[in-house]
Amino acid sequence: MSKADFSITPWVDVAQRLEAGTLSVLAIGACEQHGAHLPLTTDTDMAHGVAGRLADELDALLLPAIPYGDAWTAQAYPGTISISPRTLQAMLEDIGHDLLRSGVNGLVLVNGHFGNREPMLLAARTLATAGFPVCHLDYPGLARLAGEICDSRPAAPHFYHADEVETAIMLAVAPHGVDMARAEASYPDFPPSFGSEPMQLRQFNPSGVFGDPRPATAEKGEALISGILAESLKLVSAWRTRHGI
Amino acid sequence: MSKADFSITPWVDVAQRLEAGTLSVLAIGACEQHGAHLPLTTDTDMAHGVAGRLADELDALLLPAIPYGDAWTAQAYPGTISISPRTLQAMLEDIGHDLLRSGVNGLVLVNGHFGNREPMLLAARTLATAGFPVCHLDYPGLARLAGEICDSRPAAPHFYHADEVETAIMLAVAPHGVDMARAEASYPDFPPSFGSEPMQLRQFNPSGVFGDPRPATAEKGEALISGILAESLKLVSAWRTRHGI
Amino acid sequence: MSKADFSITPWVDVAQRLEAGTLSVLAIGACEQHGAHLPLTTDTDMAHGVAGRLADELDALLLPAIPYGDAWTAQAYPGTISISPRTLQAMLEDIGHDLLRSGVNGLVLVNGHFGNREPMLLAARTLATAGFPVCHLDYPGLARLAGEICDSRPAAPHFYHADEVETAIMLAVAPHGVDMARAEASYPDFPPSFGSEPMQLRQFNPSGVFGDPRPATAEKGEALISGILAESLKLVSAWRTRHGI
Amino acid sequence: MSKADFSITPWVDVAQRLEAGTLSVLAIGACEQHGAHLPLTTDTDMAHGVAGRLADELDALLLPAIPYGDAWTAQAYPGTISISPRTLQAMLEDIGHDLLRSGVNGLVLVNGHFGNREPMLLAARTLATAGFPVCHLDYPGLARLAGEICDSRPAAPHFYHADEVETAIMLAVAPHGVDMARAEASYPDFPPSFGSEPMQLRQFNPSGVFGDPRPATAEKGEALISGILAESLKLVSAWRTRHGI
Amino acid sequence: MSKADFSITPWVDVAQRLEAGTLSVLAIGACEQHGAHLPLTTDTDMAHGVAGRLADELDALLLPAIPYGDAWTAQAYPGTISISPRTLQAMLEDIGHDLLRSGVNGLVLVNGHFGNREPMLLAARTLATAGFPVCHLDYPGLARLAGEICDSRPAAPHFYHADEVETAIMLAVAPHGVDMARAEASYPDFPPSFGSEPMQLRQFNPSGVFGDPRPATAEKGEALISGILAESLKLVSAWRTRHGI
Amino acid sequence: MSKADFSITPWVDVAQRLEAGTLSVLAIGACEQHGAHLPLTTDTDMAHGVAGRLADELDALLLPAIPYGDAWTAQAYPGTISISPRTLQAMLEDIGHDLLRSGVNGLVLVNGHFGNREPMLLAARTLATAGFPVCHLDYPGLARLAGEICDSRPAAPHFYHADEVETAIMLAVAPHGVDMARAEASYPDFPPSFGSEPMQLRQFNPSGVFGDPRPATAEKGEALISGILAESLKLVSAWRTRHGI
């Protein structure tokens, strides 16, 4: 039996799995600009793709992805639609409380967007305090994997956005949304106070691309995902051991 | 040019459309039990399917659907995951404020779940007060269309859930999630105080089906959608005229 | 022993009733325009009148009516004072929590204003989840009764505002506030998008009357109230049976 | 032309007064124990009675009284129903914002319950910041008047509850709710830490009476009200001058 | 063993004290104008000074003082920085919940600023309801002590701000911030509606001094503090007895 | 003219500086365990120390430090008192709004505690959106400086807590709170899922020390502060240039 993807699973099958004990996996995405060659749903597509494979490995419930996140820094690019961190946290807490009530053993969060990190952590804290184990993942091992697998350098350390990394993963999980003909490289100059004040990225990057997406291939994407999955499973395993689930 | 579906559209194309003026369409779904033959994402699938066709007709932006709603009454069926009306309202208001900021002309909401009605109305009110026109649709004309197109009777007036109506629409928009072999009829006895107190539906309906899904076909689903679309376009047209958009 | 109306009852008598077990009844009104012939407190007067008779039948505590509700759609008529649904919900939840703490067996809500419906339902849900049974009534049976008892037709189905129905009930419960000499009929044209977008009623109805109040009499009002009471008692009885109170 | 009492006034008359410019008066009450001889609505009855006379003097709009307040300290007496200060503040702010929107010149608050003082002040601050003048009155001059008019001493300085003062005012404004046959005196011993920690009054006062209500008469009540009105009008006059209204 | 001042105490010492049972003391200050001769931290300095001595007497934990309060009425003087009462209440509740969780026996609040009174009371109520005893002190006995010890009269009854009282206490606890050479007297005329409407003090008092600070001495300050401490200890003792702590 | 430290500055001097234009500096600390040799106020002491030197360099207003932060991960160590990130964010936003209202040109935040990072960023975003420039600093350059100046290695990359770095800075800014005789080294084993789930640090570190504080000296502390100041001034300068302040 593989994962129970809620988009094809009726409730009676979930009920059956709950009796045996099961985990759940939830992707958190965003609706955010990703250059001229990737769609606005890129972060959701990537995270849900990874979440699906993880749910397969864990034989877990695959919940519908949350398609909006805190994308404040990209609001100046039309098409970006950002929700507040408070709203995202509330949504995660509501979902978690209902999973807890349903008898699910725990929740693995697969985050696809940097800005979601803190509301995710705070929701995990709330749920953990309520007795519901939550493991939150941010593409573990990605920096190492990107260095090993990709050919281009990132625009800044630990900064992967519409670049070779993200484009490769998209080619692996949602190629219909990728238009490599429009892929262009961009290595913007970051203002000196970047990171020390609220700042719209468009002020210093007209294209929205950070790096060089052109060397991306689906094979590299698969390799990145495999590496992320391997690291994720190690963390999930340690987390399960701690909670006996 | 047809709709700009955000799942395949990059921001630069949205930017171009915004210069010419455009509407946006957003489906509001739910993660809720729909009997043994329909998946937990049924309300989202249906609403996003209708929203997509409406966006086509309106040459509008098609936003990612909201896959969680207020499904409190179905919480006793495992697999149902309900968010609070306050969280849903916050999400709709956040999205609307960002659309307004981006220069979108207005927002058409396609609601696929009864419990979302009030947070939707309240969010629409907030946004309208902020100067952003919102049209909210609940499958207009559905009662008439169901009477004309479907063969089974509903379990209660204006109550369509996992029945012929919803199953038919699912066969039209997301047939991969439908398992007609598991479709069974159910006409539960509603408690006399139903509608006058908070009540979990599972208390009087073990299966989660309200009506008879068996006569459903994709053709009936298409007919229902066509009728809903026709009614929706009339309402949207009246709304646009009032706002000059 | 008839009801314990808080406006003439000291706490020691309430304490005595609580030892024997008792229900409570609370009217939710509004401060809203009702044409030139009815006062701004019409919805409160009507609901409190019905609540008082219901409390008599149930030998229950009659709480002070809440005189403000969500009257957003009538805000453009001076004299209307609307509170937000969130504030109304908070007030109902605060009151309910205190009743629960006091040892009251349950709460019957008598709603006199359409816009209060959703905050009332949400508060009932909160309180039910906390273990306090709440029955919420919206003049049950009114559509049938109006058809049987009244001579004029409503301005729209299920829409009773400053018309024969409301005027008749006011003549029965609060005749000092009614000025039949100023009663005039009004059957406005509803905009096609009415019900699909937030809309101020004054935009298409200058008088605030929806229907024809002129045939109203106190006798019709008494008949309407009797019918509402009979239907209410059936629902309350079913609700009590479910909760063993 | 005297005050426009909303319980007998239709909106069209309010509209007419607004064109000429008008103030509004709102009583804030409570649902709280007042011994065995006074009803639970005592604070509301008193405040609305005073508010009505003040509205007469000011030729102002008389709004429906708020019948619930923050009565936390009396929660241990059954029949007391307390709302949180946050809910009360929200209600006052909602009402004030709607009055401001309607074009009312200012709002005079007549507070009938000590526990409402702070939410009232905070709401006044919010509204004043929004540009809406608010004058808040707590029976000005009462300590002096009580000393001059009443025969019994208060249970503590500035503490008037179910005593001669309140009973007299009730005899003047709502005698149907007063049962002098049940009036008894009570001078409880206040714990030394009273006022320095949250404390339920019932812990040291079983009857709920603070003082001696027996010498109360309607004449004394009228004298108290006249004195309060005179002091109130002085304050309102100074407030109007400051704001040019 | 004297108090455990958190500014010089490591957690291991707190842990040891908790095993034996201990109280905690917390000062609530403000960042508010205090004339030309006292610093903006005056209320914090005073309250923390008194709190420190009280903690000494009680052999209790001395927490870091909260240096911001609700100073709305002084906002018109530059340098005043006011936080909302809601924020202050939240901070006090957060701190109290953590103390309760840690096993502290109770919390004594030393308030140094009038505007903090109500958020302090509400937080105390929340914490008491959660089972955590809180005693809140506002310089008990100050009016009597000021009359006995000081030579100047206050600008209004019970109104001590940047006057002889506050200046004397500052000379005792934080003399480095006092510049007696700039001390000037000021007895402003209070507007008649003062206390009945929100009002900025600067509108009628340009200097910010209320009274005459010039006769202040450190000796008077010590005498005031001694008196306050004596009264405080009586109240704390009564409070401890009630709670058996 | 050096900084205006609010603990010794009266409002009239702030008023004078505001006319000429000035920045403000605010330290955000925490009340958190720091091993057996450092006091619970360590993060506040350090941040306020650095903030004071920065204010000197900038000739700016030095506000009272916020002495509580989000120290959730250290709650299991008695003495730690954590406030919620929401409360901290509210406090920062309240302070910022008042500074903006006062005419201050901008705010530099000096954060002394990792857990405060996100509420600080969100508050900065709120204030920036309101038109008030905020620069937030987290000891910039610390990783490089620690490597250059300190002799011991950190317990984990970018993790400095009660170690040589923090102890050295404390010896420079608040030596009275440091007890080197109790300093001990501790290099705990981090659980594999650390960073991927909410976790109390005490579960794997009994002492609360992360690293080796013993080689710390005041000279190293001064060197660290000098380096932090130099980096901070570069960032502040870039930020000022961007905003023309």
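A, B, C, D, E and F label the chains in the order they appear, each numbered from 1.
In the analysis below, contacts are C-beta pairs under 8 Å (C-beta built on N, C-alpha and C of every residue); 3 or more make two chains touch, one makes a residue touch a chain.
The shown structure was predicted, so the numbers you read here are calculated from the model rather than taken from an experiment.
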Which neighbours does chain C have in common with chain E? D
With over half of the numbers shared counting as same, classify the chain D/chain E interface as same or different. same
As a multiple of 5 degrees, what angle does the CA superposition of chain A onto its copy chain D give? 180
Using the average of all C-alpha atoms in each chain as its centre, how far is it in Å between chain C and chain F? 56
Approximate Å spacing (C-alpha centroids) for the pair chain E, chain F: 26
Averaging C-alpha coordinates per chain, one finds the centres of chain A and chain C separated by a number of Å equal to 49
Of all the residues in chain C, which ones touch at least 2 other chains? none
For this assembly, give the contact graph shape among line, ring, star, complete and other. ring
From the touch relation defined up front, give the order of chains around the ring, starting at chain A and going on to chain B. A, B, C, D, E, F
List the residues on chain B that touch chain A in their complex, please. 6-15, 18, 31, 33-41, 44-45, 63-68, 75, 77-84, 86-87, 90-91, 94-95, 98-99, 101-103, 174, 176-177, 179, 182, 208
Complex interface listing, chain A residues touching chain F: 72, 85, 118, 121-122, 124-125, 128-129, 133-137, 140, 191-193, 196-198, 234-235, 238-239, 242
